[in-house]
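Below is a structure I'd like to ask you about.
Should a chain be cited, it is by its letter among A, B, C, D and E, assigned in written order, with residues numbered from 1 in that chain.
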Amino acid sequence: MQEINKEYQPLIVAFCCNWCSYAGADLAGSSRLSYPANVKIIRVPCSCRVNPMFILKAFQRGADGVIMCGCHPGDCHYTTGNYYARRRMTLLFDMLDYLGIEKERTRVEWVSAAEGVKFSNVMNEFAAKICELGENKRLEDLRCKE
Amino acid sequence: MNNEQAKIISELSGTNAKQCMKCGKCSGRCPMFDSMDIKPHQFVSLIAKGQTDKLLESKSIWYCLSCMACVERCPRGVAPAAVIEAVRESVIRVQGQNQLKAEEVPQFVDPEFPQQILVSAFRKYNR
Amino acid sequence: MQRIENLMKAKAIELLENGTVNRVLGWTAGDFYYDNTPAIFNSKEEIEKSFVYNSFCGANLSKYLVKERKNEGKILVFLKPCDTYSFNQLVKEHRVNKDNIYIVGIECQGHLSIEAIKAKGIDGVVGLEENGEEVTVKSIYGDKTVVRGEVMLEKCLSCKSKKHVAYDELIIVNEMPEADSMKRFSKVAELEAMTADERFAFWKSELSKCIRCNACRNVCPACTCTKCVFDNPESGVDAKANADKFEEKLFHIIRSFHVTGRCTDCGECSRVCPQNIPLHLINRKYIKDINEFYGEYQAGADTESKAPLTAFTTSDIEPGSNLKEGK
Amino acid sequence: MLKIELNKLNDLFAKISSSTDLILPVTVAGETNFAKYEDGAEVNLSVQTVKSAKDSFFPQAEDLMKFKTEGKKIDIIDVREKVESFVLFGVRACDYRSFEILDRVFLVDPIDTYYKAKREKGVIVTLACSRPEESCFCSAFGIDATNPLGDVTTYIADGFLYWNANTDKGNALTDAVKDLFAQADSNDEAKIDEQKKNTKEILSKLPYANVDLSGFTPDKLNELFNDAKWEELSEACLGCGSCTFVCPTCQCYDIKDFKTNDGVKRFRCWDSCMYADFTKMAHGNSRNFQLQRFRQRFMHKLVYYPSNNEGIYSCVGCGRCVKKCPISMNIAKVIKTIGGKNND
Amino acid sequence: MQRIGVFVCWCGSNIAATVDVKRVAETLGQEPGVVYSADYQYMCSENGQQLIKTAIKEHGLTGIVVCSCSPRMHEATFRKTAESAGLNPYMVEIANIREQVSWIHKDIEEATVKAIILGRTAIAKLLLNTPLTAGETGVTKRALVIGGGIAGIQTALDIAEAGYEVDIVEQRPTIGGRMAQLDKTFPTLDCAACILTPKMVDCAQNEKIDILSYSEVEEVKGFVGNFTVKIRKKARYIDEKKCTGCGICMSVCPSKKGLNEFNMNLNNRPAAYIPFAQAIPNVAVIDPEQCIKLKTGKCGLCSMKCEAKAIDYTQQDSFVERNYGAIVVATGFKIADLKYFNEYGYADNKDVITSLELERLMNAAGPTKGTLLRPSDNTHPHVITFIQCVGSRDISGCGKPYCSKICCMYTAKHAMLIREKYPDTEVHVFYIDVRTPGKNYDEFYRRAVEQYDVDYIKGMVGKVYNENGKLMVQGSDLLSNEQITIASDLVVLAAAIEPEPSVRKIATLLTTSIDTNNFLTEAHAKLRPVESPTAGIFLSGMCQGPKDIPETVSQASACAAKVIGLLAKDKLKCNPCVSISDDSMCIGCGTCANVCPYGAITYVDKEFRLGGGKTEVRRVASVNEAVCQGCGACTVACPSGAIDLKGFTTKQIMAEVEAVCKR
């Protein structure tokens, strides 16, 4: 498991599509592949259900990193959902970067139901990266941190 | 792995002996098979078991040509040649005497030598 | 300019009198020359009394057509080239009824910004005189002359097109110089070239001015929702004020995201911002990204094409892959 | 009367802000608004601020209380901190008058204690106008822009800022900073009088200086309310809140809850009668069309408020809405249109 | 106000060993809205479920949160439990504290805290749940089977047997698939054709079965119970209805250079051909790549000779569109590409062949009429060496990581058949492991060794090279620890198998998922092995994973049983988690319909009251609940947030975000 600095525990919200990535997380679980406990998964039917508002909301609520996982492009359970999600997230992440918010705080990964190892690796990597970046200061709502 | 030495050799070789499925393809292809007392597949197996003593004493390590046929053919991504190389290195390190220095090489060079021999000799002796 | 105004008035009266339309959407004169207000004229008398078209008619009239849909009969609307893009976009989204609208496309030599004039230190402005490239500003503190090109609205300085993309007829007397569309993205590119820290500082000071008056949203021809998410307690992002710095960003990110691929870059948001926040730089970032990632796309150029966010290709770039590493 | 050279103003600001918060017009990203003085701040006393000065007493968003929840337990927490005294500097006569208008709303029973606390602790330093803008029409409301009241009145003339304390609060502040000042003499007073005279002349010639408010009396309420002109006046209104948010006298607010990580924060924030959900109640909205909302704003300022407050209009003629309306519709145009024939 | 019950499962020690389940239950019991909490060893057991039911009744619960394994595992179980206790099944939320907590975290404190947070998140969502009722749709009583191999044939026959209509779409000119190419089958050694062809004939004769050969699936629309499939019938230049299968065209066709795919390209066939004698349908096809008439316009011999006047050179691809209630994928497999294995000399030596090629060489209907002759010189091979695991169990990137499963058995079969027929032949088999699980399988293998004297060598081949016309097979014999070289006449490679490549496109058309090896994913590896995760799509045969014939047939029948179960229903309950549009907010802009993959959204003009006695007519979105599959693409596309997804509403997800972010 990733060595996490005990003082600073980043909070990571992971939106996972029900059909691939959530199943990938389940596989990571049943394969006993650990990732930091501060990664919290929210199940959505498809990556295309992830509204940019959810991502901003997570940051507002104190998340230090937000990752969206979906089926690999071409493998969407709903055929095209992740293609739309991909465009939305591309533009949203670009905008966040444009406003000066660290690009590493947001990420999209395509994780299939068979990729438990990838899921765990991605989460470990992402958590390590967020640890490096430290607390989210540029997109925080102080009211949520009182 | 119950043996420190095996661990070091494993690390040096950068290969995971546990991935071996004991098919013997490495030995099936090895050009120096007959000259070896311990065969390539056994190297891998001994490392997996942590029995390094036999390996360190083995003559095989000096017969390996580092032709990499075993590495090329292995279906499991294990590199027997790398294991042998690592054993060699361990032995040499213990001996600590007979390193090959680059400046000494020219006197050994025979123009007839294939390039591979030079390279593998250097691989073996220069560390 | 006076000539155009006269032609427009004549056209409006003609169409009203021959029954083609029963009302006219244009501008009515204000008290200081620069404070014209969009207005609906129902009669020849009204038009003769106060119809105006001068260099302070930057307001985009197309959004008013959404409201006008409810009224009976055909309406005449005067649209500048850039306004016609907004019109097309509204047609595409079924927000206006094309059959009940008569469009007269009008000449546009770029409109002026009173804020830009005031930024030149000229105050107490009570009138203007336009003489070609020169503008004489009449002030209670004395008259001053400025160069037209220096006091234009931001949206006109970086005009995207001088082509009307929708109209029934045109009133164009003088040639309209072709727009330099490359200019549109230069400031965005400049920001992109900065470090994240610099960009953050830039937007922090700009967005901190936001008073959340919603002028940018309410003037936007793409924002025609009957209930905006920001007014809807069910949406989870509703707010009336930026009670925390976070909400300044949230508001502007979501506002612009909701019009991504639909924003025609009409520039009204920046024009109306009481705090002069360069909001167009946010919308243009999305437009620039779309052009770069998914191919050139101009919202409102037509009424059929698929918007970038409702389309895709299987080989679209991956989110974040274009961004450079580092804080 | 005291005086200080304009180039020493930063010393004055530094001195005041060393012991208490100092709020004054500061330019950030090109726009000037009242903000807390900090070292290096770009103070700008020569232009009208975009927003009015009311924020200091009635901020755009203000926490009222907090509910802390733990499991099924709820605690109510008073979030009010003790208000420290502060100095509000550079308030123009129009904005100063707006405080009196707000007081009539917030300081009558039931008293708004949040407002009151700030109002009591604020020391107001006003600044006389010498260069009115075309949008100004304070004189229509009987305001003398050249001679504002306040705890301290200041004038800028001929490279100096002149300082005159009017109240005990003003005297206390003066005592704290008087080291920086020199005494003004009769020569200086003559200069100020001259400036006042010049300014008054400009004021009298402003386009909106003579808008006539006499048509707005309580007895004409129904007549005004039913005026057919409201339709054309409101036609172009976008229903944004720019006019209300830059207005020094608009005092409507909404109370909202924000869910924090450990409970709920109840806060109030400015509301605008231009908004569709303004005063929305369980049955729905009381004003469904923009015409009604638009009319409400001006009827309130020009008829309803005066009828409850001895004829005082709830507009001070600062002209901010005149400058900021995206479609150039404003209270002056409303007064001229429906205010009777004297405006023709 | 809701009355929520929280049920924390120990999952034996799976959860309880790492998560302090008592503390989780106690803490969550204190949450607002929660009136009851309990923990139990196995919530999914009958006793566990009874506990939930009792609590629902005794405490008047309006919703339950179960902290247990993944919702993908037991959400359906607990929904049924709730339903049987009179609760709406959608008033159930699962907190996944096994896969996401106990199985991946070791520290008890850390795991317990996370479990509590996940529990709170589920409660936060549940507080916003509303009872959902599933709509109903009809079922088209007809099934489509994609692939006409033994799997597809068996599935189709079983479905037809139950009285439902079924179509087989086969991309080749005939059904029969790979099994038709085989000679004998293990472990009984009966001839493949003898047992397969009667089934093929059954298919052809069964009036419920329609065979669409030489056809491909082009487009799939709809959803479980109501699929609409567009099928491309490739032009075969023969009128299927007229052709009698007499074979005259074959014999007169002057173009004879086409490779005979059925014989694994070991010999040639004419441009006009019937793949094999027992082909179903027994109708010829013209290969446009080879036909002289189609290429140059000059020839037409077959047309002149055809008495049935079945030849039609002008034929074009045609399309049929049909409605189905269920779709079965039975696309089968192919031999993996051996291009990365040049050490075996497959590309360079004609006498290095794959096992499937050997099948054809030994088949009486094959290119050698069943006489085993080696391809290079048509002589009888005396030394034959088999190499197993060629490309299987290979993680080096050249081959397949999985075991192809059937090779051990068919190699034993081949060795045995050769030794039986040609006792003078020496047969060697290089193996890594001999895997023979299955009824009578190990006995079969032992017979090869003991009765037929096949030489099994434990070890792998390093190189095959040609030396003076002999194939030198150099490998290791690990048991004697020797390196050996066998001079052979014929080398047979037990090449890895892989899914038929067209399955990728089909998976995309069907929106069903595929694993990294291109095998279709089953809904559950153990409990739902013949269903795909996409409702209404079923898996039969090799497309799901390596299988031998008995297994394929049993899976095919299992698959048919599932299909029959579906078609037997008159109504299907729809997924109630579908989109819903709020008319008061919708502006009819059309964005949602643009992103809907199912075409579930249409627009209607509706009249609305504006207040003050005024009304207006507005265009608003309307969602077809039976067609909507609940992906949620529309919810994000909608600028006004008018459209929401039941079960995953914006408010619910926002509440979840808030709950997970609470520190």
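FYI, a residue touches a chain if its C-beta (ideal position, glycine included) is under 8 Å from a C-beta of that chain, and two chains touch if they have at least 3 such contacts.
Please read these numbers as outputs of a predicted model, since none were measured by experiment.
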If each hop has to land on a touching chain, what is the smallest number of hops from chain B to chain E?
1
Taking each chain's centre as the average of its Cα atoms, which chain lies closest to the overall Cα centroid?
A
Chain separated most widely from chain B, comparing mean CA positions
D
Pair of chains joined by more contacts [C-beta pairs], A-D or A-C:
A-C
Which integer distance in Å separates the CA centroid of chain C from that of chain D?
30
Rounded to a whole Å, what is the gap between the Cα centroids of chain B and chain D?
86
Suppose each chain is reduced to the average of its Cα coordinates; what separation in Å results between chain B and chain C?
74
Centroid of chain C to centroid of chain E, CA atoms only: how many Å?
54
Among all residues of chain D, which ones touch two or more of the remaining chains?
258, 261-262
I need the residues of chain A touching at least two other chains; which ones are they?
52-53, 57, 61-62, 74, 80, 84, 88, 143-144
Multi-partner residues of chain E (each touching 2 or more other chains)
595, 637, 650, 654, 658, 661-663
Could you run through all the chain pairs that touch each other?
A-C, A-D, A-E, B-E, C-D, C-E, D-E
Chain A partner, complex, touching residues on chain C are 191-192, 196-204, 229, 235-237, 243-247, 249-250, 253-254, 256-257, 260, 282, 285-286, 289-290, 293-294, 308-310, 312-314, 316-320, 322-325, 327
Residue ranges of chain D touching chain E (in the complex, touch as defined):
69, 71-72, 259, 261-262, 284-285, 288-289
For chain E, which residues count as touching chain D in their complex?
30-32, 610-612, 658, 661-663
Which of the residues in chain C end up touching chain D in this complex?
30-32, 34-40, 59, 64, 119, 123-126, 139-141, 205-206, 208-209, 211-215, 217-219, 227, 231, 239-243, 268, 271-272, 274-277
Which bits of chain E are touching chain C when the two form their complex?
584-585, 587-591, 594-595, 603, 616, 619, 637, 639-642, 650-651, 654
